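Just below sit the structures, each encoded as structure tokens.
What follows is subunit A paired twice: with subunit B in the first complex and subunit C in the second.
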Partner chain A sequence: MTDPRIGIIHERMKEITKIIAVSSGKGGVGKSMVASTLALILARKGCKVGLFDLDFTSPSTHVVLGVGGIRPKEEKGIVPPEVLGLKYMSITYYSGDLAAPLRGTDVSNALIELLSITIWGKLDYLILDMPPGIGDVTLDLIRLLPNTRFLIVTTSSQLAFETVKKFVGLLEEMKMPVIGVVENMKMNNSDDIHLQADKLGLKFLAVIPYDAEVESAIGDAEKLLGTALANGVKKIALEIMVRN
Partner chain B sequence: MTDPRIGIIHERMKEITKIIAVSSGKGGVGKSMVASTLALILARKGCKVGLFDLDFTSPSTHVVLGVGGIRPKEEKGIVPPEVLGLKYMSITYYSGDLAAPLRGTDVSNALIELLSITIWGKLDYLILDMPPGIGDVTLDLIRLLPNTRFLIVTTSSQLAFETVKKFVGLLEEMKMPVIGVVENMKMNNSDDIHLQADKLGLKFLAVIPYDAEVESAIGDAEKLLGTALANGVKKIALEIMVRN
Partner chain C sequence: MHEWALAEAIINAASEIADKERMKEITKVTIRVGELQMIEPEILKFALSQTKTEKFKRAKFELQTEKARLKCRKCGHTWFFTKKKIDENEQEAIHFVPEIAHTYVKCPRCGSPDFEIEEGRGIVLQSVKGVREA
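Presenting the complex of A and B:
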């Protein structure tokens, strides 16, 4: 039997122009940092932006943005609170600081529930912060929101890129559009990842050098926007605004 | 109805003295590097060691160890091949280099299947390389192998440690033993993570400084054993052999 909520999701999302999933397959490559900063930068450029943290078992964009004590309003659905110029949605409104150990079926259920009840309204961009792994959230997203575009984050490490390659292979097989790849936290001078991205036919969007300042900017949006990370993400924002 | 394979798992694992899950909750903190190196070091110290990669959707210990072209033998179950002095088991024997996009239920099923058919024989230590997130593998492991001890890997980043805290909270709630915490890829001089670990009542086992040499040692076990990573992991191996 089809879940009746799935029909509602399309209705809920119809005023959103572009959905961008900041993803990797790999964990710890900086997806949450890139997703949060990208959402902030697009909002500062005058776009209407939503940010939705889909890493349900270990959400962290609320820590990056330094937002606390906010709650969505309920009115025939839930309205995400507006913070730092963004409409912001996270499972932490419900789970708080406790661990959310969720099986895949629960993750699917939470995703469908939150997509079907959240009233985003009109948005130019909805940025999704994806969890690591290639599991239920990715598979459900492809099924439920097939117009999602994927922005791929990797580090310079071959271990990260091996997983990225598999993840991109899956997206291609599923005919999902990939915006391009960002090399984050770069500490070497090698252009190996750039070359490998070219070989896979992926647009290489930006290099973001490792910047020790980023750690101390966690929780402080203004400071974050002054880091080398933000400089790199500005290039990606431009690419997205011009072409996507 | 109870899955009949679950009864077999206990039988299959009965000659294993200690099961150690190298875990974090967070991705990209170096779990696979620590798990692989720990298994190698314990084996070099004369222990009988197994290494089982449980990151089914993005396995990487086979890349770290540089093992390829090996296959388990089948004889009333499957016998993990012995490489570099370890009995080594990975889903890549079956999935190859393709992505394994698995829903949580498939992950559970793969875990139960592999645990019930793998003939480890007598082992002093079975090292488990855990996936990121707090999902099916963690919950199943706690249910199926309740004598598992958890070794926690974090980086110095507050974003990583926030997830680690949640993960450790879950383990405590489930009354699962935690060996201690390792701070990996450290690039600062702060003792903040050490202090926070103390505060949580966690044994702080080792600091592993960031070492650019580790990247070039991926796939080369001998080179790996000469890195700063291996030096840190030796302390953990000693702690495990003496106390656990």
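Presenting the complex of A and C:
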């Protein structure tokens, strides 16, 4: 007995130059905001970009981007709709506003299904908005898309950074490349996270200050691109375009 | 159609098995089709016939349907999925991602969405038969 979906995933992703997983050890650090803004910025710089929300049980990039009322086209698979210059894919096309109460094996199966039937076409970057922590999606990505690079988001809190240490340790053990770490929603003047990142040999990509304006920019891409968050993410985008 | 993407995956997987087993020709491919995914067998068969490569020239595709058996993790009740109780949009969503059943299907005894899909989820490549190279 063979799962025929696994073998076709490579074929579906073969025209994607780089896959970037926006990850964190803990939830609530701003991954979805960073992932969505990064995708928008790379697209505005003329790159062909896809954004795939892999946080199946708590998706939120559709809220960040203000996406609603659309569905993928069927064409020998499913073709993600173009939203704000991005090819955008989310489980919310199918679950709507309702909960998707999925356990581990269900999450894996849904991920494999979507990877095997989604027709992305040619992309410079596919940005993945990951669920928090080391769970099924992270482990499946490492197994199924071993060329994925990880961008780690943390806050200034030691609680968040402690989980980053474990996460990065696992990625190193599994020989997965880490682009670097971003300190998001910074409210203090300490350079402690920067120093700790240096100690771990992680590239410290940017500091994004806490910006109260971000909340009112949710659902409005233009407003979002004018925030301090977007300024910080621009640095990451440049780093990715130059070095990754 | 979604069936085309699955047909391509089946042909790809069957070809890999044939190469591994040093088959010069594939004569029969048996595919298990779980009822939860609500695949249209005729569309899948047509897509397979259009996607197949030279090695499958004389291959017969056998589709075996498997009922979708669900088991509630909360109360232990076991039941078979039927599409009659859900609307067309919900059926289409489950067709694309069978796990979305957890959004629209509930245990008929206790109403929980926390159930296990014991059998009949989607497509499984059951067997590939062919003629080996001499």
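Just so it is clear, the second predicted complex is superposed on the first by the 242 of 244 C-alpha atoms of A that agree within 3 Å, B and C clash if a C-alpha of one lies under 4 Å from a C-alpha of the other, contacts with A are read in each partner's own complex, and residues count from 1 in each chain.
Going forward, contacts are C-beta pairs under 8 Å (C-beta built on N, C-alpha and C of every residue); 3 or more make two chains touch, one makes a residue touch a chain.
Worth saying up front: this structure is predicted, and the values here are computed from it rather than measured.
**Student:** Which holds for A:166: it touches subunit B only (first), subunit C only (second), both, or neither?
**Tutor:** first
**Student:** For A:27, is the partner it touches subunit B (first), subunit C (second), both, or none of the two (neither)?
**Tutor:** After superposition on chain A, A:27 lies in contact with subunit B alone.
**Student:** Classify the contacts of A:46 with the two partner chains as first (subunit B alone), second (subunit C alone), both, or neither.
**Tutor:** A:46: touches no partner chain.
**Student:** Could you look at A:209 and tell me whether it touches subunit B, subunit C, both or neither (first, second, both, neither)?
**Tutor:** Neither partner.
**Student:** Should A:91 be classified as contacting the first partner (subunit B), the second (subunit C), both, or neither?
**Tutor:** Only subunit C; A:91 stays clear of subunit B.
**Student:** Using the touch definition from the top, say if A:101 reaches subunit B (first), subunit C (second), both or neither.
**Tutor:** Both partners, subunit B and subunit C.
**Student:** One more residue to check, A:146. First (subunit B), second (subunit C), both or neither?
**Tutor:** In the superposition, A:146 contacts neither subunit B nor subunit C.
**Student:** Name the contact category of A:11: first (subunit B only), second (subunit C only), both, or neither.
**Tutor:** The answer is second: A:11 touches subunit C but not subunit B.
**Student:** Kindly list the residues of subunit A that each of subunit B and subunit C touches, one partner per complex.
**Tutor:** The overlap between the subunit B and subunit C interfaces on subunit A comprises residues 98-103, 107.
**Student:** Considering the complex alone, what residue numbers of subunit C touch subunit A?
**Tutor:** Residue list for subunit C touching subunit A: 1-2, 4-6, 8-10, 12-14, 16-17, 32, 93, 96-100, 102-104, 113-114, 117, 121-126.
**Student:** Okay, in this complex, where on subunit A does subunit C touch?
**Tutor:** Contacts found on subunit A: 1-8, 11, 74, 76-78, 91, 93-96, 98-103, 106-107, 109-110, 113-114, 116-117, 119.
**Student:** Please name which positions on subunit B make contact with subunit A in the complex.
**Tutor:** 25-29, 32-33, 55, 57-58, 60, 63-64, 97-105, 107-108, 131-136, 138-139, 155-160, 162-163, 166-167, 169-170, 187-188, 212, 215, 218
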